[in-house]
Structures are given as C-alpha cells and as structure tokens.
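Worksheet: one structure, shown below.
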Amino acid sequence: MLTRLAGLLLTLLVASVVIYGALYLAPGDPSTLLAGNKATPRTLESIREQWHLDDPFYERYWAWLSGAVRGDLGESFTYKQSVGSLISDRIGTTTLLIAYAFALVLVGGVLLGIVGALRPRAGAGITAVSSVGIAVPSYVAAIVLITVFAVELGWFPVFGDGTGFLDRLWHLTLPAIALALAWNAYVAQLTKAAVHEESLRDHVATARSRGVAEGAIVRRHIVRNALIPITTVLGITIAGLVAGTVVIEQSFNLNGIGSLLVQATSSKDFALVQGISLLLVTIFVVVNVGVDLLNAALDPRLRTERRP
Amino acid sequence: MSGALPIERVIPPGAARRRLRGRDPLLAGCVVVIAALVLMALLAPLIAPHDPDASDILAANEGSSLSHPLGTDSVGRDILSRIIHGARLSLLGPALVVVAATVGGVAVALVTAWRGGRVDTVASRVLDILFAFPGLIFAILAVAMFGTGLVAPVIALSIAYLPYIARVIRSAAIRERALPYVEACQVAGMSPLRICWRHLLPNLLPYVAVQAAVSFGYALVDLSALSYLGLGVQPPSAEWGRMVADGQAAILNGNPEASLYAGMAIVVTVLAFNLLADRLVRRTAQ
Amino acid sequence: MHGAATAGHREDGVTGPAPTPPAALLSIRALRVDLRAEGELRRVIHDVTLDVAEGESVGLVGESGSGKSMTARAVARLLPEGAVTGGEIVFDGEPVLTLRGAALRRFRRGGIATIFQDPAAHINPVRTIGDHLTEGLRLVRGVDAREAERRAAAMLGEVGIAGGERRLRQHPHELSGGMLQRVMIASVLLDEPRLILADEPTTALDVTTQSEVMALLSELSRERRLAMLYITHDLELAAGVCDRTAVMYAGAVMEVQRSAALNDGPLNPYTAALLAARPRVDARSDRLEAIAGRPRSAFEAPEGCVFADRCPHVEDACVAERQELRPLAGGLVRCRRAEELRGRLGHA
Amino acid sequence: MPEPVVAVEDLRKEFPVPGAPGLVAVDDVSFELERGESLAVIGESGSGKTTLARMLVGLETPTAGRIEIDGEDRSRPGRRARERLERGRRIQLVFQNPYSSLDRRQPARACIAEMLDLHFGLSPDERDARVRELCEQVGLDERQAGALPRALSGGQRQRVAIARALAVRPQVLVLDEAVASLDVSIQAQILNLLADIRAQEDISYIVVSHDLAVVRQISDKGFVMEHGRVVERGSTVDLLDAPQHPYTQLLRRSVPGPGWTPQRRQRGVHA
C-alpha cells in the first residue's frame, strides 16, 4: 500500500518534470509570444522579469510545482486569468460528460459482454457489431450523430452545453454517446472474452459436477472471477474517456477543459497547457492506482504480497 | 486440406485449436483491403480523377455525379480525389509510429525479459511513468512544444505507444523465456544475443505482428484526431481527419458528404487493421 | 434414499455378461464418444463396457490417448460441447447420457462426485477453502451456513488437515498441492456421493504424498461404503487400491480383472506388454521389453484389433476384424487369441 | 586411481527471499562421478535435485562450493563465449518436458545441425552426415528428422533432445526426469536407448529422478536428497533393497508394486 502510494507520487513527480520541462525546452522565446512580434527589447525585458523567465530551470520548476500543490497553476497568457479559475469554470461540463459516457459503457459494454459470453447466439452478433464499433473514432461518430439526430431528425441540440442539470444532460447526450461508442464496443469485447474464458475454467466444471444451479455458477464462479480483468479494462476506459473529451468537446463546441487544452495548444499558452496536462495525468495515475487497489480487493492472490 | 494429413500426426495436449490455418476469408479480406489502401496511397496522382486541391466555388457542395463520384466539398474540391490523396499522409504517419514503437518496444521487451532482476524493475518503472501519458495528450503536449504538423505528433506517439507494445511483448517474452528450449540453448553454450535473435524473437513474431496491427489502427485514430483538432496536418493538405473537420460546418447546411466519406475512410482502414490483428491472434492462439 | 432401484438393471445384449453381480451401481455399456475438433468428429472412445458395484472400487488404467479421462467425463456428464455419445451409461437404474435440466442436476447432487487431477485448477482461486467446501451443502442441500462450516471443519480433520476453522478462511494459493487434494477429497465426501470418480488424483503429487492421499481416499471410501472409479496411468497403483482393474487402449476396454490376479495372469497381450515394459523397483532387467511404436488414440487405431499394429502376438486374423469384450477366467478380455495365450502372458 | 569426470564439493545454493533468510535449496552437497558411471540423484519436489542439476550445467550460480568437470573448475556459469562452449561440450542436459524443450519452429534436423555448427567447424557434407548418424543412433527416421516438434510424439521429441545433447559428444549427460512424462511403453524405449548409448559411447550419466524403478534401471550408484541435503548414499542396489535412512525407507515403501497398499505416513518418522 505504502509502496503503491510512493509509486504514485514518484510517477506524478516525473510526469510534472516532463510536462514542465517539455515546454521549457520548446523552441522559440515565450516572451515574444507574450508581447507580440513588435515589442521593444525593453518590454521583452520586463516581461522576462515578470514571468521569471531568466531564472534557472529548477527554480522555475520548483516555483511552479509548489504553486501547483497549493492549487496555483499560474496565469494564462491569452486569457489573462488564473489557470485554476479557467479550469474550475469548465471542469463541471467535462466531469459530467465523462460520467455520462462511463455510465453508458458500464451498462452497455459490460452487460452486452456478459450476455454475449453466456448466450453464444447473441455473442456472434455482439462481436460483429463491436468490431465495427471499435473502429469508429469519436469524432466520426460525432458527425454521424449530428447529421442524423441533430440536423435530420432535430431530436437533440447541435452544439453547446446547456443550462441547468437536465438541460445539460440533454445537451450532453450526443457527445456522451459519441465518446462512449468505441469504448462500449471495446469493453463489450473484452468482457465477453473474459467471461467466456472464465466459463471454461476447471473450477466451473467442479461446481457443475456438484449440481450447483447454473445461475449460482454464473454469479459465484464465472462473473465473480471475470470481474478482475473487467476492472482493469474499465480503468483503461476511464483514462480513454478523459483523453477522448479533448476531441469530443471540440466536435460539439462544448466549453470543457478538453476544448480549453486545444485552444491553449494552438495559441501556445504554456501555463494553461501545463496546468491541464498535469490535471489529466494526475487523473490517469489515480485511476491506475485505483484499479490496482480494486484488483487487489478482488483477487486474493495479489493480496499475499504482504510482508511477513 | 483433407487427405493431406499424415497418419502419424500427433496432437499435443492443448494444441487442439491450432489447426485453424488454411482458408480464412476474413483474413484474406483484410489483407486485400490493406493492400488496396497502400496502392491507393502510392499511386494517388495516377488514379485520382482530379487535382485534390483544385477548388471551384461554382461547383461547391455538389452531389455525386459522373465527374465527381463522391461529390464536392464546400469549396468545390473533388472529395474522391482528396480521399485518395489523403491516404498518403493518413497512412504514412501511423506507419512511422508503428515501425518506431514496435522496434523500440520489442527491444525493450527482449532486454527486460532476458535480464530480469534490476534491469526489469527499472525499465518497468520507466514504462509505468510513460503509461501516465495517454498517446493523444502526449502528442498535444508535443504540438504545444514544436508546433503543428506531422513530425512532433509522430515522435510523441511513437514514445507513447512504445510502453504498450513493450508490456505485451515482454510478458510473452517472459513466458517464452521460461520454456526449457531456451535453457537448452544456454546449455548448448549459445550467447544470449544469438538465443534472442535466432530463437526467442522468431517465436515472438506472431505477437509482434498482432501488436503492430492493433497499434496502426490506434495511431491512425490518434493522428487524424490531432489533424481534426487543427493541431496536426494543416490545410490545405488532404488528410482524412482534417477533411472531417473541414466538412463539419457544411453538415448544418445539409451537406455532410465531405465529412462522412473521410470518416468512412478512417473507419474502413481501422477496421481492416483491427480485424487483421484479431485473425492473427486466432491463428497464433495455442 | 433410492432403495431398490438398482434391481431394475437390464441386459441390453450389446456385450457379454459382466463378471460382477447384476446389481451394478454404475454400468457403462458399449460407450462411444466422438469429439468435435476442427469441424470434424473424431472418435476418442469406441467401446467401453464396465460395471462398478455398490461399495466396489474399480481402476481404469490406460496410457495417454486411451480415453480413460473421457470415460470419466462422460460418466460425470462433463464432456466438452459438441461431443456425440453412443451406448449407455446407467447409474442407479437411471440412464445418464440423456439426462437434461433439473434431472441432470438431481443426478449430480445425488450420486457421483469427482476428484480431479489438478486441485489448484479445480478449486476457484478467488474464493476461500470454506466457500469451496460448503458450496455443495449450502447451495445444493440447503444446509445453513453455520452448520455447513462446522461440518466442513470436522471433515478437514478427517482428511488430516489440522486447524480446520482457520483453514476455512484461507485461499487455495496458500495451500500445497497435497493439502489441496485433501481439501478436494473433503469436499467430495461432504457432498455424500455414492460413487467417487477419481481422475488421476495423485499424478501431480510426490510419491510419498501420493501414498498418503491414496491411503486416505481408500480408507474413507471403504468406511463409508462408497463405490469408486479410479482413473490412472499407473497399473500398479490401481492394482494396489482397487478391487478390480480395467485396462484401456485406443478408446476401448481391453481387459477387466480382479486386481490381485492381474499382475500374474494378464489376459490381454497389451496388459502383459504394459506390465513388462515398466521398470521394476525390486529388480533390474537387462533390457526392458518395450512396446514398439507409440500409443494410439481411438481415431487413429488400426481397423481390426486396436492393438494389432503393436502386438507381439498379432496374426492376420487379428488385423481383419474388431474384437468384442468377452468373459474369460472370471474376467473380461478383448483378444482373439486370449484362450490360446493364457498362461503364456505375464512374467516369464 | 583415475580422476573423476565430475567432482562436486560442498555445493550450496540459497535463493534470496525478500525480508527473510534465504531459502536453502541445496545444502553442502558433495559427490564424485567416475568415467562411464551412472549416478542417481533421488528426491521429491523441493529436495533440491533439479537445482543441483542446473548448477552442474551452468544455468544457476552456486552460492558456495566447487564444481569440477573433466578436471576444469566450472563453479560458475561461463562469462565468455569460449567458456560457455567448452562447458557445453563436456556436459549436456536432457529436460523433463519433451513438449517444450525444443524450439517449435525448428525441425529436428536443424536443431541438431545448429548444435554442430555452434561447436565444430564442419563442412556442410560432414555436418549432414553427422546429423544422419545421430538420428540413426537415437532411432529417428527420415520423416521424423525433417519434422517440426509438433508433428512428433513425446517419445520422438525426447529422442531429438537426446540427439541434440549427444551431438557435442559430451562426457556427462544429465537426465533431469527425462522419462517422467512419457507413457510407460515409450518410457521403456527411451530407457533402453539410454542404456545402448552408454554401452556405445564413453559417457557418464547423472540421473535426476523421483522414480525409484527408473533409478534402478539406469544407475549404478546414487544418493537421496531431502530438503537440499544428502540423507543417504550408496550403490543403487543397496539404496533400494536395504535403505537405512527413514526417509529413504519411506520413499521405498511409497512405490506401488505387486501386493502394495498405500500407507499413511507414520507420525514421528519424518522430521
């Protein structure tokens, strides 16, 4: 447990060095970006001083990191606003979108996978549909959904994130479906494979030979054991959904941190890019550790690593 | 294949499912589609009916016709020609990513699997850290650093995909390494390099092929996503992700063709590579 | 329980009369099994005929590919999907091969319990030993949890595992192979079967552990008057623990005999060859009498006698036609020349 | 007195266990193997017999002690290519599992040829002749010699493995449970083959086995290992017919045979 926590912190630390260092090493002089091309040398000078651009790397990194730990991620070049407040303004939409999409994956992917594994006839169809589903990138799904359900049928709004919870949910339905589609298919396939594999295990034959009812076998031996690989897949899914919002928010003109990252990248707004990247990476790392812990809870074989 | 089987054939335990080889129409279909895509990219100038960049405002948003089989986009460029030409950039990027990530990943996998111990622990730690960056985010960070285009994202994705390939191949290599035939090679006096190159790697190639095929699909999705976001290939170059984005405005006017056809090109390509990987897995399943 | 149901067993005329009393608990008649492999049916068992009487232990011995494990799976109704069976298996007067649904579950909970070769694979790794032991009691028999645990802990003591209560909370990976096999035996006994199907239960164990586990198994099953069908590749082990022994080759039973008589008076040349090929622990032979070629599976066996291509006593007529299992000298044998060769087989 | 072909002195192997004292797999084992002799290492799983065999062929580094093969110190695995090859020419190993001890992509003939190429600078003709000779010696026909392992039965694969080991004309062949996973009828063929080879070649065997009947058949002398230690040693006949140590006696009693019944271990006999 302690080693895992230490590993988490180490990973985050290295990741923060990479994120900060990468942009530090970027070609071009950030002060020119800030002041524009026509700035006088003196303006540049004062900007360099204001942003501590002449300090050595480790000092600037340390200042940035200690700020980040306190929640101060610096100020955006382009918005002239603190990165923290920019993020907190938009995180709600992004979180809701991810939660919505994850719920769809949980219900759709996992259930379809289990049904597909236990009912061979449905299974073949699910495999075929999900093979295609995996191959559809979210932004392609987005334009198809917009074309059909927003433009042709007019059932859903085309763009924007709406006001009030229900209206937001309404606005986020197409984005969530587009975001979840490929992951749904992926989770369905892997769940199906995991459940199928477990159903062939010898201990399932043992239970069957003892006359245990089929429903209990599925619950106690097949699905219970398949939860271990399924959990791992769901962890990857969350990470994938988080990365996917960057694209999908752009497709539907949503005001989330994903579209903010794209704008910041286009305009080379370093503080903003660094802040959002750090946030996303933190989410990934935490999700990974969460999956590890959940797996340890589900699989006694992983628990015996305890020191004597 | 009936009749050709020698009577002496022995089915070793666990290998009962091995004999899936022979005809596999789905596999053949994937190979044909992929070959066609590659040819399309190579011969684009010869087979495209129009100049992909020639716009004709008067012929904007036309439906399909004899001269424009897939119609024209919002500035009147021939969609089919742009898709054919777009195959070049759209396939080149993923191909570079796959080659770089596979070579690197396999090398890391072999070294860590062979050496084990501390080398393995350190390498695994480094890979864990790389796992913290999903490919797309890493690529966006690279774009923020070096600017838009294909170079920075390709390098970034190669680095981001490497740990995935390394992890899968490493676990296969560790399983393979534990087989007694590897020790038999050691007892024979072979050098580790020779064992890895002559015995371990050839036996791992099926796994490598599967990983490469899967990675190609993901790399295509990620790279065209970057172009879609405006961070990758820049207009007016034809690239499928870029074309999806360029055509999106026209959807609202009821002209989704430009986006949809480009999107379809991506889906077909990714599907072909995914199914290829899937069939390869089945063939090598033991 | 099922009382007099055993009396209803009928002769179906497929094979000759069995040497055991007609009141067999388990009766296998002309069993045939085809498995589906790569889209074609492949024969793995072509003729198994065998009886196990109440309280009797019968060994089923064969080399790899002989079909002994498939026979066990057919009896326990655990054949892989797509398997096609023929012939008859009757347990306690009821035909087994045609059971479905609720009747199949009733058959499983009432009569036959299986001990498998690899206990680590046959016990769910993510559940506790207690879960495994009490599953049958609680889910199948409706015993309440506390009572089930009490019985499980007591049974662990009987199979020689101390500290029952604590063991119930352990997981399979925390126990050694020998321990797990004891757990398996305990769980089988808790289910109160009438026949134990033991499929190579000690093959993965060390010889000293094997000896203990086998002693335990035969003691406990004898005490409870359980019948046992014991499947193994080790002829001498089977002879040591079973009343009668059947020898299988290429999907067919070649011979059935009282275990005590088997070693000195094998009836089938294959049994004799098997006995002669095994190195002996008590004497060294200059040269082992190896059997030429390799063991066949049913689908690759010769047209006539399945052992014809490896048999030292083969004649033209042996190659011509398949042989039936027939009674001889208080046992059963499948060999054209059995009478003629009698007394000449075995240790010279 | 001729010098022994293998001399092992106080050999010890500990495997590190995190946060605990090391696991002693082999504990001060010493023995000598004379030329042409066959020595049995008898033990059950966890006795250390396989670790011992692996140290002999250089797959494992001893924690302490000395291994001498053919007069040369071979206490550690060779670091340089030349050392590894030299050791390989003197001592070879046949593994238990015939299904995985051959490279599944290599036909039998190529497997043997690779071994010859590695050790001797033979011309292609000479090499092919030697491959044929080896195949004949172990009883592989033309078809089998050209076949991939998956087309061969367990016994045939084990013949390939033996031919590969014999290719370098080793002085010592270590047989690590080499017949344990074979069917009885095949086991007899391989045991006879091993006896024939010893009659034809100038070779010594180290037979690592738990199977007392096999040990009886192909060894002259031996020792019994329990928990890494040698508990009894002597001629094979004495070890099996008049075992002195309680553990050897237990092993002997556990072997099924005519008139045998399984026994529960008597309490107190076995520490």
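When the chains are written out, they are named A, B, C and D in that same order, and each has its own residue count from 1.
Note that in this section a contact is a pair of C-beta atoms (placed from the backbone, for glycine too) under 8 Å apart; a residue touches a chain by one contact, two chains touch by 3 or more.
Everything numeric here is computed off the predicted structure, so don't read it as measured data.
Farthest from chain D, judged by the mean position of CA atoms in each chain, is A. The innermost chain, defined by the distance from its C-alpha mean to the mean of all protein C-alpha atoms, is B. Comparing the chain pairs B-D and C-D, the larger number of C-beta pairs in contact belongs to C-D. Chain B and chain D have centres, each the mean of its CA atoms, that are 47 Å apart.
Inter-chain spacing, taken between the CA centroids of chain A and chain D, is 54 Å. Centre-to-centre, using mean CA coordinates, chain B is 52 Å away from chain C. The geometric centre of chain C is 33 Å away from that of chain D, both derived from CA atoms. Shared contact sites, meaning residues of chain C that touch two or more other chains, fall at 294. Contact with two or more other chains is made by residues 153-154 of chain D.
In chain B, 10 are the positions where the chain touches two or more neighbouring chains simultaneously. The touching residues of chain D, when paired with chain C in their complex, are 44-45, 153-156, 183-189, 191-192, 195, 210-214, 216-217, 240-241, 250-258, 260-265.
Taken in their complex, chain D has these residues touching chain B: 57-59, 78, 81, 84-89, 91-93, 95-97, 99-106, 114-115, 118-119, 143, 150-154, 161, 164, 168.
Per the touch definition, chain B reaches chain A in the complex via residues 125, 128-129, 131-137, 140-146, 148, 217, 221, 224-225, 228-231, 241, 244-245, 247-248, 251-252, 254, 256, 259-260, 263-264, 266-268, 270-271, 274-275, 278.
Taken together, the chain A residues at the contact with chain B in this complex read 7, 10-12, 14-15, 18-19, 22-23, 25-27, 131-132, 134-140, 143-144, 146-147, 151, 158, 239-240, 242-244, 246-247, 250-251, 261-262, 264-266, 268, 270, 273, 277, 280-281, 284-285, 288.
Per the touch definition, chain A reaches chain C in the complex via residues 201-203, 205-213, 216, 220-221, 224-225, 228, 298-301, 304.
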